[in-house]
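Labels run A, B, C and D following the written order; every chain starts at residue 1.
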Amino acid sequence: MFTQFKDWYQNRHDYAKDWKARTGGKVMAYMCTYVPEEILYAADVLPVRVYGSHEASDLTEQHIFGMYCPFCRDCVAQVMEGRYDYADGVMIAQACLHMRQVYSSWEIHKPTEFMYYMPFPIAVESPHARPHLVAEYKTFIEAVEKWTGKKITIDDLDRGIEILNKNRELMRKVYELRLLDNPPLTGVECMHMTSSSQMVDKREHNQALEKLLKELPSRKTDRETGIRLMIVGSECDDIEFMDMVESLNSTFVADDHCTGSRAFWNSVEPEEDRLLAIAKRYLERPPCPTKDTTKNFVRFHHVMQMAEEAKVEGAVIIQQKFCDPHEIDIPLLRQRFEDKGIRTYFLELDVTVPIGQFKIRIEAFLEMLRADELPF
Amino acid sequence: MSDIKRYKTEPLKCWGKAKELRANYYKEYKEAKSKGGICWSGGAEAIDVIPYAFGDDVHSLTAEPYAAAIAFDPEFAHRCESALESKGWARDMCAYMRNYWGSVLIDEYAFGGPFPKPDFNLQSGFCCTHAKWFQVLSLWEDVPYFNIDIATIPFWKEEFPNRLQYIVDQMHESIEFIEKVTGRECDDERLIEGVYNDSRTTSLWAKITELNQNTPAPLDEKSMYSLYVFTTLDRARKEFVDFYEELYAETKDRVDRGIAALATERFRLMSDSQPPWAFLRVWRYLEQFGVVSTGSIYTIGLEGVWDIADDWSLTPREDLKSRGVELKTRDDALRAMADWHMRRPIYAMFYNADWKSKLMMQYAKQWNCDAAMLHLNRGCEGTSLGIMENRAALIKTGLPVLTYEGNMGDDRDFDEGRTIARIDTFMEGLGLKKLT
Amino acid sequence: MITAITAGIDLGAKTVKVVILKGKEVIGRGIATTGLDQKKSAEKAFDAALKEAKIDLKDLDRVVATGVGRTEAPNANSQITEVGADAKGAIFLNPAIRTVIDIGGEEGRGIKISPEGRAVDFAINEKCAAGAGAFTEAMARALERPLKEFAELALKSTKSIPMNAQCAVFAESEVVSLIHAKTPHEDISRAVHDSIADRIISMVRRVGIEKEVLLIGGVAHNVGFVNSLNIGLKLEVIVPEYPEFIGALGAALVAAEQQE
Amino acid sequence: MAEEEKKEYWRWLESRWTSPDIDWKKGKVISAGVDVGSVSTQAVIMVDGQLYAFANMRTGSDSPNSAQNAFNRALEDTNGLTEKDVHYCVGTGYGRVNVPMAQKAITEIACHARGANFMYGPTVRTVLDMGGQDCKAIRIDEKGKVESFLMNDKCAAGTGRGMEVFSDLLTISINDVGQMSMEVEEEPEPVSSTCVIFAKTEATGLLRAGWPKNKVLAAYCRAMAGRVNELLQRVGVVKDFAITGGIAKNIGVVSRVEKLLDMKALPPKYDTQLAGAVGAALFAKGLYEKIKK
């Protein structure tokens, strides 16, 4: 049922190349989910999010100092390996320093015809961020128009918004099914769905989602749900790891990370000023830790709400090694979980994970959650 | 060896004054409350001219210099760090933040007594730790917190009215914030005076470091580390302006009289990033080879404000008064200050490896450096952003580069023996022998 | 005039090596494990080399020392760092060498050298020893095999499995889990050598890899590692006949130059 | 280069034991636990939840054999007790899934917690297990249930392995290093390197600088205690506190950890390396009783 998504995820580069051949359109490789994809769709440009490959590489150390996170190292490796050579443009919406480093190395060693750094605000809760971001969108639109030679009209923007919103609403529907006592999908399957939506033409993704939603509710899975887990972190497309966890009689039923729900959770609320509508969507979305900087701790509220709705029994908190923003949040966030009686286990992810070392920890964590199954 | 040239050298006259000023700064903060004044804390990036406008009895504790002061005392630093680690925080987070947090957690002030809780925290951040640093602190200290987001592209690179406006709008709001938490009114006269002072201090620092382009260098970087700190403390204060006027005059006089920081200077180095504060003796070790470290983009550009031309050449930016900038209203003042501070070269480090490489090459040229020694700083993601790209870029220009790993705030990440061994190897490659 | 007889001594963390030159011709080599008393170990190595050269200590015109323990070297007239000595020795062996990879017991080095045999840039592994010789030894022990046999095993392997552990000790436990997972020993050996080669290569890339590439240090005897290195670098590294003696050779050459 | 055959000082001594006061034939439930660790393997036989026999052996490069060897060794001198008399067996440790005679595998975290509860009594709340490859800090309740735990990642500083490297370097049997490290007039600074391999280099340097072996050991034991303490602080230490695993036999580390914690560890009644296998055997008993019902 999820093979299409899995296939897209695994053959992301072939897809993008084929898409270019089919449509003759331009591809924008982008970093960070604060990039306004609506505007790119309005410009008929295909946004493809830059992912790692989870393969060790010896090409990064000369470009990045060792204390930079595995995800950004992995991304740089992909770029240097030439796996993104098909990209016509490269952009970043400012988030963490680590991704700024990826953008920098890309710009130095493999510049494309369109390189764009969008200084997305950090103070997303500030009222002043809105006009600022709208102005940045205008600047961005001018640059894109110059690049593609095509004017972006209101209708174009509406089309972009519609495509994105539809994708978000459909995936939200799938997420609602994860709340069931016996979710018809695994965390890995869900990961394939959300990740692929950042790689392929969302119009095709939407069709696949509509098909999925017809069959999914009545899907009979032979597997036990087991312990209901939530996975929380940054980029968490480590399929091998999630597979291992779900093979131990547990299921991920909720997530908060930017290769999952955080990227698509809320939709654009239509209003007269389209750019303002888009700006609000990105400023008000569930924040990346880099953007959660006030005493309101909005991220924590959102995560805990998700955890409760999904009736999770435990939370696996994973972090890309050296990711400061997450490292700052994690001890406080774990406390929030423990206060709600939800046990957490914390793991640091690298480009590749030592499955052996991690398995024993996860097994022990799950044993802890189902201690009553052991005789005492 | 007698065959090597020796320059005249003498200690800095204003050294004592510097010590006194610094000690006084930390004392004033500690005592502010008891004297009926106001104390606040925030990053050294914070636009501290704003609280300055609320009276002469408003005193700040700027976070980075304070954390560096902790780093000077490894024993104290370790207690701070382990207090944090035992609460589950990672060891590889910003070392300055960890030292500061730890000092609050163990409730010890590096300058004696319990940690003096501020009346409010005011941050202005552009890296991904700045704002969160005080988000958590404000939670623990249960004090009001305002962050001014200055993570826009630096103005010497690209200028868009909305970016300046965004910062100015937040500055206006921060004034309302301070008025609310202190019950005081913002004195716009004082604000304007503060803005002029601030620009003077930071312009003077640029001019002082520019003098190090001379051979022999009038200042060595180890001393500069103790002197640049005032640009990060309370730069709007008159006494700091005066100190820099004095330092500038003295340094200029040293240049005129050919006074060297290092009598045996025969090789000029540039560094990078914050140093491993617990190991400044490494700079003294370099001197045994007749090597003087002239400074770095960090030393001159953390707070020094420069005009950066299209060819990346650096000239100290004349302060607002000298530029004839007239400030009449609060908005004038805030706008001028935002525009001023967004011109600091330091932003290159945090945004774009290529910009930083260009500035470093320019530095090597203008400061006549023969080699570079780059600190792979585990304590700061910002200043080590793109540092390997910088290394490659400098080597391409034929400049020998040595990298060493360390940490500005946590001595556990620095291996002195191995670093000295590297330096020996590097020096040998450069054909430099110890002079005695 | 009579050609000078010089010696170079390399006091490494694990072994002491001595090379004796008559002019530019090697007439003696000696090696001894580094004991706690480095002077004694040095003398041992010297005796062996002098014996082979059929000369007495007093016949040596000049001695230059290198290696971590170089300051401990007895009767040394001057010193040179490992990097400097490696560069000298390398260029003497083959003037086409531009990159030297030297892997000692606990330290890995990448050195870029000029045609004159000057080290123009170098990289050394940082805080942890992952990717150094000690690593393989630990692994070999985990498999309960002699190092040589362990190394040769790798050549039989057909597939490369990733090793995720950074730390030598954790790699050991990962090897244990591989063993428990019934992974063929040749693949484990290959995995171990690949992972070391990987780290070494990424480090050496910092200085830029330019042909010809010379591999020196005791680990160069490890065919499994050489194999992984060649695969990773996509080129054939040159392995000299006495890889562990190149540092000492370089030091001896410096002594000879200084003598002139 | 020719391999030099050197004595392996790091090896733990092998041992076995049978309780003289238990007649297994009178027992209702005979359960077993086998803990296949990375360095050593323990097999424990229990009769009605009482420790009857155990064997402590080295782990070979093949875990089913290691498990079988230890199990067989434990069955020696048990007047006729054989594998088929054992009602239920639980495997644990790295090789837990490769224990031929085991009906179930349980992680060493759960087993150590349970074992510590048996070996040190129900007052134990914090267990520190220092095995060969890793170091675990476990918080448990009065029944021996795991409440939370932490394991060291990334770097092996502060594991038994590190101590083995040292005993090898100093050519002192692993069983003596702890005691030796106590024989210093004043406590030296801990070695600074976190990496086991660099710590070794550092130690060599100290020896060359003329430090006596015991002082070097003291410096290393102290560094190790420091690392372990960091881990313990993170899990939060609550009385009573107990140490299991091989390093528990190392007074040099134990006493220094106690000093840092300002808390005494409960004195061991059994071979501290048995905790995992004991826990496994206790679970085995319970699981057998479950299926019998």
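Just so it is clear, a contact is a pair of C-beta atoms (placed from the backbone, for glycine too) under 8 Å apart; a residue touches a chain by one contact, two chains touch by 3 or more.
In this text the structure is predicted, and so the values were computed from the model without any measurement.
Any chain that touches chain A and also touches chain B is listed here: C, D. Interface comparison, B-C versus A-C: the pair with the greater number of contacting C-beta pairs is A-C. With centres defined as mean CA coordinates, chain C is found 45 Å away from chain A.
As a whole-number value, the distance joining the C-alpha centres of chain C and chain D reads 37 Å. The distance from the centre of chain B to the centre of chain D, with each centre set as the mean of the Cα atoms, comes to 50 Å. Residue numbers of chain A whose C-beta contacts span two or more other chains: 61-62, 66, 357. Among the residues of chain B, those touching two or more other chains are numbered 88, 376, 388, 405, 415. For chain D, residues touching at least two other chains, in rising order: 94, 153-154, 194, 198. Chain-to-chain contact here is organised exhaustively, every possible pair of chains being in touch. Of all the residues in chain B, the ones that touch chain A in their complex are 87-90, 92-94, 97, 125-129, 131-133, 135-136, 138-139, 145, 147-149, 151-153, 160-163, 165-166, 169-170, 173, 350-354, 376, 378, 381-382, 384-389, 392, 405.
Taken together, the chain A residues at the contact with chain D in this complex read 343, 348, 357, 360-361, 363-364, 367-368, 371, 374-376. Note for the complex: chain D touches chain B at residues 192-194, 198, 230, 233-234. Residues 82, 85-86, 88, 412, 415 of chain B touch chain D in their complex.
Taken in their complex, chain A has these residues touching chain C: 55-62, 66, 350, 352-357.
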